Amino acid sequence: AGGLVALVHTQAAGDNGPVDSMISKLKQLAGEQGFEYRAVYAQDPATYETVFRTLGDAGATIIVSTFNEVAEPFKALAPSYPNTKWIQLFGDPIEPTLPNVVTVSYDYYLGCYLSGMFAAKVSKTGKIGYIGGVSLPPLNADFNALKAGALAVNPNATVTAAFAGSFQDPAKGQEIATQMYNDGIDYIQTDSAATDGGIIAAANEKEGRMVSAISPAQYKLGPKSVIALVALDFGQSLYNEVTKALAADWKGGHFNTGLGTGVIEFVSSPTFAEQGPADLSGKAKEVWADIEAAKKGILDGSVKVPFNTTL
Amino acid sequence: MSNIQTPALTCQDVTVKYGEVTALSGVSVSFTPGLIHAVVGQNGAGKTTFARVASGLVQPTTGAVEIQGREIRTGHVNDSREAGVELVHQSFALPPSFTVAEAMEFGAPGKGGIYSRKSLLAKWNEHLRSLDVQVDISRRIRDLPVETQQGIEIARALVTDARVLILDEPTAVLSPSGIEMLFARVRRLKERGVTVILILHKIREVLGIADTVTVLRGGKLIDGPISCADISADKLAGMIVGEAARNLSQEDRDALVGARAAHGDDAANAARNGLPPVLTLKSVSTRPDSEGAPLEDVDLLLRPGEILGVAGVEGNGQKTLVRAIASLADLSAGTVTLAGQEVSGKPLAARRALGLRIIPFERNVEGLSLTSSLWENWSARELLQGPLLKIVNPAKIREFCDKALKNWSVHYHSSAQKAGSLSGGNAQKVILAREVDPDAKVIIAAQPTRGLDIGATAFVWQSLRAARDRGAAILLISSDLDELFDISDRVVVMLSGKVAGEFSAPYDIQSVGAAMTGARADMTPVMPAMTGARQ
Amino acid sequence: MNDIIIAILRSGTPLIYVTLAGVIAQRAGVWNLGLEGIMIIGACATILGIMMTNSFVMAIVIAMALCVLASVLLWFVIEKLKANPIIAGLGLTGLGIGGTALAVEAIFGSQATVSAPFGVPKLGPAFGSYGVLSIFVVAMPFVVFGMWVLLRRTRFGLQLAACGEHPFAARSVGANPARMRLIALAIGGVLCAIGGAELAGGSLQFFAQGMTSGRGFMAFAAVIFGAAHPVGATFAALFFAVVGALGIRAQLMFGDKVPHDLLQALPYLATIFGVWLSGKLRGGAKAAGTFAELKDQ
Amino acid sequence: MKDRILSIIRSLIFVAFALVLCAAVFQFAGYNAPLMLGSIADGAFLRPGAMEQSLRWALPLFITAVGVGISFRAGFFNIGAQGQFYVGAIFAAFAAEWLKGGPAFVVIPACFIAGMIGGALWALWPGLLKLRSGTDEVITTLMGNFLASLLLVYVTSGPLKDPSGSGQQASSRPLDAAYRISNSLGLSPTIIAIAVVVGIVMWLLVNRTAFGVLASLAGRNGTMVQWQGAKLWQLGLSSFIISGALAGLAGTIELMGPNGRIASGFLPTHGFTAILIALVANLSVVGTAVVAIFFGGLASAALYLPIMAGLPAAAIDIINAAIALFITARSNFVEKFLRLGGRSQ
């Protein structure tokens, strides 16, 4: 072991989800394996390359970063720093592959598809909401999948999207969610990092309002409202990839991960099952078998989920 | 004057330094209670500084102030106010957005609790009425004419039971009738036992109202308080101006001390009458706007080589007249012709290119940018005459500026200094240096000597006469009838936006005065008083 | 209808408190661009305070103390060190946002949202659907009224305005502009603390990094929009809350037909329209001319 | 001259004071303060390549800040540099997209013109609103920033979206190498030349043309220049347009230089930093250059610090903020100190 492992996260910490879990897993792994680590927040796409270059110059052994936005700098820099191992979580494969770059693709939208199906089954009104941070392509894809899932179950369902304009504005999230719930929407899929907190707070205000969030850390924010998660365990993924990269026989390439691998999962909340309104938790239990079946269908290819990044 | 009385105000060895500048040096003076005292001196002599020291606004570098025999902490306004000293500022200190009532209230002593708009109106209406200030109390300060603003300042200063009232150049902004009303007010205050200290420039005013006079020059006390009964106008002028007194022409000296100037060079008048007019206003009317009475059907003719005076009670369209000539007011009818060209629709830039020059009413707002350097202020006119992207060389401009300012004997350190740091007289000279150039064909001079000391006033007059003698035409708008009569070749009177009469020398003050008040019977009683300022 | 009123009150209240802080500073002659930073300090301190002391009163007192301290720092830098108020204000904003993040990180070892067991006291079920409103929402109209009285109906308010508009005039009646600004900023600190507390504790009960999300700047815009009048600026802030809510409504109604980015732009467009209109009503370009050169003499 | 040196020394003293203050706070919070101070110096100026990096950030900031200075001089508190910067970059990106395949000597200038027009347009409407109806420019330009960010999101995830891979990037297609004016390090003779030209032209405009003198006079007292015959709207609108065009130019440089594309939310604090620079420099062009280099260094150090000193992102914010808080301070104790006992008032 030894050396410097750096995580460059392009979303702010404090999201109770992916970023926070990556940081804590990195800390944990650093403790286990005894390397030095850095968690660097790169907010601005214009600075990614400089940050990576500085890390390369500082002799980082492993650089982990997230999302497609870092693909260009990775492609540009990896060849110049052959001794550094580059890991891109949630990214498309790089063609042609580079020997010191690993890309890991995620299919979060598949989880959203399942959430849409589930929503259409548990919703009493048939009205489903989606709140994203900013209308970016991956989020648009999530919404489209959610909608497709819901319509697959109930062609009369309505799925409404709104964007808070920020990933860090819980008060806005609460305001949007409140309007949605007042409109009769009773199930909201969140997709907005720290803004999620406000959505859950809005759901907590009346019984029967449901939210599907992203991380188990959010259960405690809404024990009676967070009914499910489209879980995205970035932290575990980071843990796995960095552990592999620390081993001797590591090679560059591309991995698909996602539904079925434990990194992305649509899960129902055990807390909700205990504390949530009885009718809803009962209903959730009742329909879960259908969701499992659909998941199988997706994995074996019999269920096709469209991927569409425009709204 | 008896010696047993404790002085109302005593300054002991007061020195004030602003950085390098010594504004007052070792001034010791004391004022007998219950009298009207005048303080005179040239621009920059330290009069305002003296007033501010007395009222606690300026902390003297050394020295002590006693009020009614009690020494007060210097540099504390509240202490001075409690001791009974109130100051009315030279450029009024009332927040422009305040209503009259608010402007009265904000300076009242004590904490004052919560008021309602009604209670405020009632309270201050009463107070203002008791002081004869006629004003709609719910109007905003910025919308009021200067006379009214001054009335409010004085009324504000009198909300406490002031024992010593200092008025810093109160007459500078007033019309003759306004001055007379002010003096009447001051005399009433004196009767009530208030000690009034008036800072004045005009000798005839000093001798007309004050019991004693104190002269400052260059921050030093020259003499005083001297009883006004014991001093002649000539002597006083000499004391104020000092060495420079010798440079004054007899004509100016007479004018300054209040003697009537000789007029009526008929030959010159006849010669002028043959020349084509350089500025003509033909039945000009303007659209009403927020900035003063609109013009109604004004005809005006200005020939090269003459000074045409415009008299009138302030607020009768003089401002609009200037703005109409400058194209800053919208004409609803009529034409303006300048140097033979009709310019009615043309912007000011085009008019200036034809030789129009303006010394505007508001020296510190319209005339100068106080926070800009002298050379920038000075060069604005010329820069605007060329294309905007013309390459200029500031070093050269500053050189020319220095030369021009020297020519006009402006006292300043460097052309990079801010215009706001000049005294009033020097500031006015900067404007003159800019506006009175060899290419000037028509010079509109609006209140050009307001607030200037006697030396500077004489200087302005000389400059305007010199420009006239060069062949320029000058439109002189002034509220000072003496000034108008002394240097104008003709005088027109404005009333309610119309030209109400035209006069030529020798002027009959009674008929000019009658034209100024016109049909307004309510103003007539003031008439005889308008000449009262003149000895 | 109730729902709409509640929603507007909730989103408008934090903004209004901070706007009032901006109003009082503006009248005293300070362009306070530090509002955002002071507000987030209030938000953070309230939540952490509740977590640590388990008492709302203690928490809000701590928040107010810290916000007043931040305001005084701004005052010191502007008034005593003669710094440019705009830059210093922006600096204070950065200090607030960074400082709260660092404090959370230092205390909890992560920047994740920190939740408090309870927030600002609510009206309670006795008030029906209005029961979810916090006491600060209820207090808001009274505070606005109080500020209006203080600024528009007392001699103190007049002197404060004089300090902003014409410091020399203020000095010449014995008011001390520096001290008045200190008082104004301190009062503003208290108001920002309440605004922050309401944002974090009014209905959310947690603190998240950067959760003020520009509300301090919107408050500043409301001050300008409302011409530094306490009631006018309050309505400007309410206007922002209303157009914000309408923007959401537009997304929910037309999101499938019109691009979301355009719909999200509606509040900003409405604001521009509002300011344009109010400028027109106030007399156009002429009235916009300020007393720029009316400096202390 | 003496005054200028004095004011630079004064700023430096207060910057040092701010840094020491931060260091003390961080030391107290358990970070390594001496390492932090060392890393700032390293990151900004000392480590190899640091000067290049500092300049890379400084030059676009300088260009925007000079523009900001122009409108501030003319008396308009135009805080819309960020929006103008974005719209400039967006216009240039559209131009590049439409002209794709054309010869570089056509495409590059066309992009620059498009970028400057974009920035100018984004300044034009607040300018018109201000000058025609007195609409407060502080609010309109602030709103303009929000609108421009939304527009950037829209174009980078809509019309200009890079379709490569699964199309999940909110950014425009990378520019062809032929159209780039620098590599990704962001410093090239072209960019330096542009900055120098802008610097010289703007310096001339401000200090050596009638426009420069009159615009700043108008900024301080519009009434007075009006009485001198100036058309205020002409001066005002030109300053809005110039400042917008310069911000747009900076946006174009970022697009065609270091970034090679525009991405949603890129350089989100560019405009505010530029305003800061302009104000700290007291709106002088030469001063802006000096201060921009200082802030460029700071930007460069801010990217270096978290890596070398292990400081969290929040700490970087705090350092920047503390510097902003104190950099314009002008307490006269500094002068007193410098004059060593000489009396000053």
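A, B, C and D label the chains in the order they appear, each numbered from 1.
We take it that contacts are C-beta pairs under 8 Å (C-beta built on N, C-alpha and C of every residue); 3 or more make two chains touch, one makes a residue touch a chain.
Keep in mind the model is a prediction, meaning the values are calculated, not measured.
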Subject >> Contact-richer chain pair (by C-beta pairs counted) among A-D and B-C >> reply: A-D
**OP:** With chain centres taken as the means of their Cα atoms, state the distance from subunit A to subunit B in Å.
**Re:** 75
**OP:** Determine the centre-to-centre distance between subunit A and subunit D, using the mean Cα coordinates as centres, and give it in whole Å.
**Re:** 35
Original post:
Using CA atom averages as chain centres, what separation in Å is found between subunit B and subunit C?
Top reply: 45
Original post:
If you average the CA atoms of subunit C and of subunit D, how far apart do the two points sit, in angstrom?
Top reply: 27
**OP:** Would you mind listing the residues of subunit B that make contact with two or more other chains?
**Re:** 365, 369-371
**OP:** List, in ascending order, every residue of subunit C touching at least 2 other chains.
**Re:** 101, 111, 259, 261, 264, 286, 293
Subject >> Shared-contact residues (touching 2 or more other chains) in subunit D >> reply: 150, 153-154, 158, 220-221, 223, 312-313
Subject >> Contact pairs between chains, per stated definition >> reply: A-C, A-D, B-C, B-D, C-D
**OP:** Write out the stretch or stretches of subunit D touching subunit A in their complex.
**Re:** 53, 150, 153-154, 157-158, 161, 164-171, 174, 184, 254, 258-261, 263-269, 300, 303-304, 306-308, 310, 312-313
Original post:
What residues on subunit C touch subunit A, complex-wise?
Top reply: 3, 7, 10-11, 14, 101, 104, 110-113, 115, 132, 199, 203-206, 208-211, 213, 215, 244-245, 248-249, 251-252, 255-256, 259-261, 264
Original post:
Where on subunit B is subunit D touching in the complex?
Top reply: 17-19, 326, 328, 347-349, 351-352, 358, 360, 362, 365-372, 376-377, 379-381, 383-384, 386-394
Subject >> Residue ranges of subunit C in contact with subunit B within the complex >> reply: 149, 153-156, 158-159, 161-162, 165-166, 168-174, 286, 291, 293-295
**OP:** Would you tell me which residues of subunit D are touching subunit C in their complex?
**Re:** 14, 29-30, 75, 129-136, 138-140, 142-143, 146-147, 150-151, 153-154, 158, 220-223, 272, 276, 279-280, 312-318, 320-331
